[in-house]
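Notes for the one structure printed next.
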Amino acid sequence: MAAPVVETHGLGKTFGLHPVLREIEFRLLPGRGAAVIGGNGAGKSTLLSILAGLSAPSEGQALVFGIDSRRLGPRYRRRIGMISHRSYLYPNLTARENLEFYASLYGVADAPTQIDTWLARVGLEASADERVRAFSRGMEQRLAAARAMIADPMLLLLDEPFSSLDTDGQALMSRLVVAALARGAAVVATAHAVPEIENAELDLYEIVRGRMFPLKEKEREEVRHGRLRTLLGR
Amino acid sequence: MARKLVTSLGVLSLILVITALYMVFEYVPTEADEGIVQRIFYFHVPCAWIAFMAFGLVAVAGIFYLWLGGQIWDDLGHAAAETGMLFCTLMLVSGSLWARPMWGTWWTWDSRLTSTFILWLLYGGYLMLRVMIEDSRQVARFAAVIGIVAALDVPVIILSVRLWRTIHPAVLVTRQGGHGLQDPRMVATLLVSLTAITVTFAWLFLVRFAELRMGTRLAALARGIALAEVRSGDI
Amino acid sequence: MAAFTAILRKDLRLEMRSGQSTIALIALALLVLVVLVFALDPAVARGPQTAAGALWVALVFSGMLGATRALTAESENGCIRGLLLSPADRAGLYAAKLAAAFIFMMIAEGAAVVMMVLFFNLEFDTALMRVAPVIALGALGFASIATLLAAITGRSRASDLMLPLLAVPMYVPALIAGVRASTAALSGLPFSAARDWIEILVAFNVLFVSAGYLLFEHVITEE
């Protein structure tokens, strides 16, 4: 069996007096996707921050590619891609220039070709040389997806990736996630409700009061049909 | 046990201060050139030494904090900064009180006063920063970095100010180094005074440090309670 | 190293597009010099000594405004997180931000030197060649403090007060040495006359650039 891409042991995070995450035990193998749902302030973004090595746990440990998330070196950071609420894009640079910058930071080989490929993949070839300042929210989100995936990351962290995307955009994002899973990457996506991703089996989890619970098959169906936590009795 | 230590230090400090006061006012002879006012020297100089030493403490605590982690190092640095600031202020005020009758002005830019004044600004910046950082998780880290960088800068400050002063003679009086203490009674008084002020510093520092540690422990307790409450709310 | 070049190039490209930082620096330097011209008695205040002093006042004040922009620009769209997420090492990030701040400051100081010659009755002669390295050392020193401090004060309340409050006392040695060395240079003296001062400037730079390089990672992280 392959080594897990992500593994947490008793992971906890407390902000001041507020325990946002507690006793999270979680494993994710390569080629698997996990969807983590929860309400606002449930701790979804915090979990992703910790997995990305941006934030340190208050208790327990998160291992990414087998390395403690607090000690991720350049070699491993190169393999992580993240999409967040904020785009991490420079408004005064063009789409192409933004990708050029990130490609050079991540050491992407044959960058010009890769950039063209990805611009086409996210449907932004026509706007490649326009400044991001002029982009709509949806376009920015697409470019952010390209930014996150241009280095072919083996761990994708997506924070509510479907928000502010139209139907086409959501379909695109689903395709990108499926493609990433197909090449063996692991994906952790957060959302308010279970994301509909065709052709992909996602492990479902829910964060309730800081703890993360896997959702079983029956519960998945019920959640999908909109009957949430009250039914689950948690 | 710790409280006994602090209390006995307080008592020792009181005894030493009274002894020092006696020596400064009764025992030591009046200095030939400067007269009675010169007695401020026995207070002023030890305060300066303490002010600089305390800042070194702040920096060392900062290094340990960054290296080992642990809130105790930050509490140490914090206490050292507050106490050191007090003695730095006392040095400057006593310097001013000395300057006025001696040279007719409330302030002189001689090299020691100037360097200590810059140190005072650094203390002030450090303490203000602690108050101004909104994210309490970051305060300790930032304070440690500021403390270290500022302390590394202090020798450069002293050197540059000393060089600066040597090219502006006469109008502003420069006190030559060493203070030529001829009479052995003067040396003795200075040593006693230094000890008294050092012990007083240590006492005040420990009092403040204990306060901060209590605060840290209370915060940890509160966090534990909050965590337990959330846990017990589960089914 | 790759991160350093990529980030610096990106910052220079952005600056060439908007010119915000350099224009702000030049404008403030000019304004400070104008204020000093009127504030100082014209009968007394012309010549190398005053000119050097004025130039350094302009350097410090324009630096306080502009030297941190290279770093604070990363707060748009959360870009700083994108950088922290990436393989780029924190020390390389510091070096890139320092280099950008230094370049912007040098451009502004170049303009300030020209204005200084005009306002304070100096000559456009070889003395300016001798002043240039002194100014460069001063600008580098200031940029190194400002870049490190900006990462801290950017997260504090009253950040526009906290930066000068911390930076100015720390900068005093460079200020003292810089003005003295500049005065000597503008008075036509050779470098040997100002050797002590230049040594202080160099020591100052070594201290702060290394400190910044080593400590930056501690101040730029999230929690």
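What to note about this one:
Should a chain be cited, it is by its letter among A, B and C, assigned in written order, with residues numbered from 1 in that chain.
Quick note on the criterion: a contact is a pair of C-beta atoms (placed from the backbone, for glycine too) under 8 Å apart; a residue touches a chain by one contact, two chains touch by 3 or more.
Remember, it's a predicted structure, so these values are computed and weren't measured experimentally.
For the pairs A-C and B-C, the count of C-beta pairs in contact is higher at B-C.
Remark: the per-chain Cα centre closest to the mean position of all protein Cα atoms belongs to C.
Of all chains, the one whose mean C-alpha position sits at the greatest distance from that of subunit C is A.
Chain centres here are Cα averages; for subunit A and subunit B they lie 50 Å apart. Centroids of subunit A and subunit C (each the mean of its C-alpha atoms) stand 40 Å apart.
Here the spacing of subunit B and subunit C, counted between their Cα centres, is 31 Å.
Multi-chain contact residues of subunit A (touching two or more other chains): none found. Contact of a single residue of subunit C with at least two other chains is seen at positions 223.
On the side of subunit C, the complex with subunit A involves touching residues 2-3, 6-7, 10, 13-14, 17-18, 76-79, 81-89, 221-223. Those residues of subunit B lying in contact with subunit C across their complex are 66, 118, 121-122, 124-125, 128-129, 132-135, 137-138, 141-142, 144-146, 148-150, 152-153, 156-157, 159-161, 163-164, 167. The residues of subunit B lying in touch with subunit A in their complex are 136, 222-223, 226-227, 230-231, 233-235.
Considering their complex, residues 148, 152-153, 155-158, 162, 165-166, 168-170, 172-173, 176-177, 180, 196-197, 200, 203-204, 207-208, 211, 215, 218-219, 223 of subunit C touch subunit B. Interface residues of subunit A facing subunit B in the complex, by the touch rule stated above, are 14, 16-19, 22, 209-211, 233-234.
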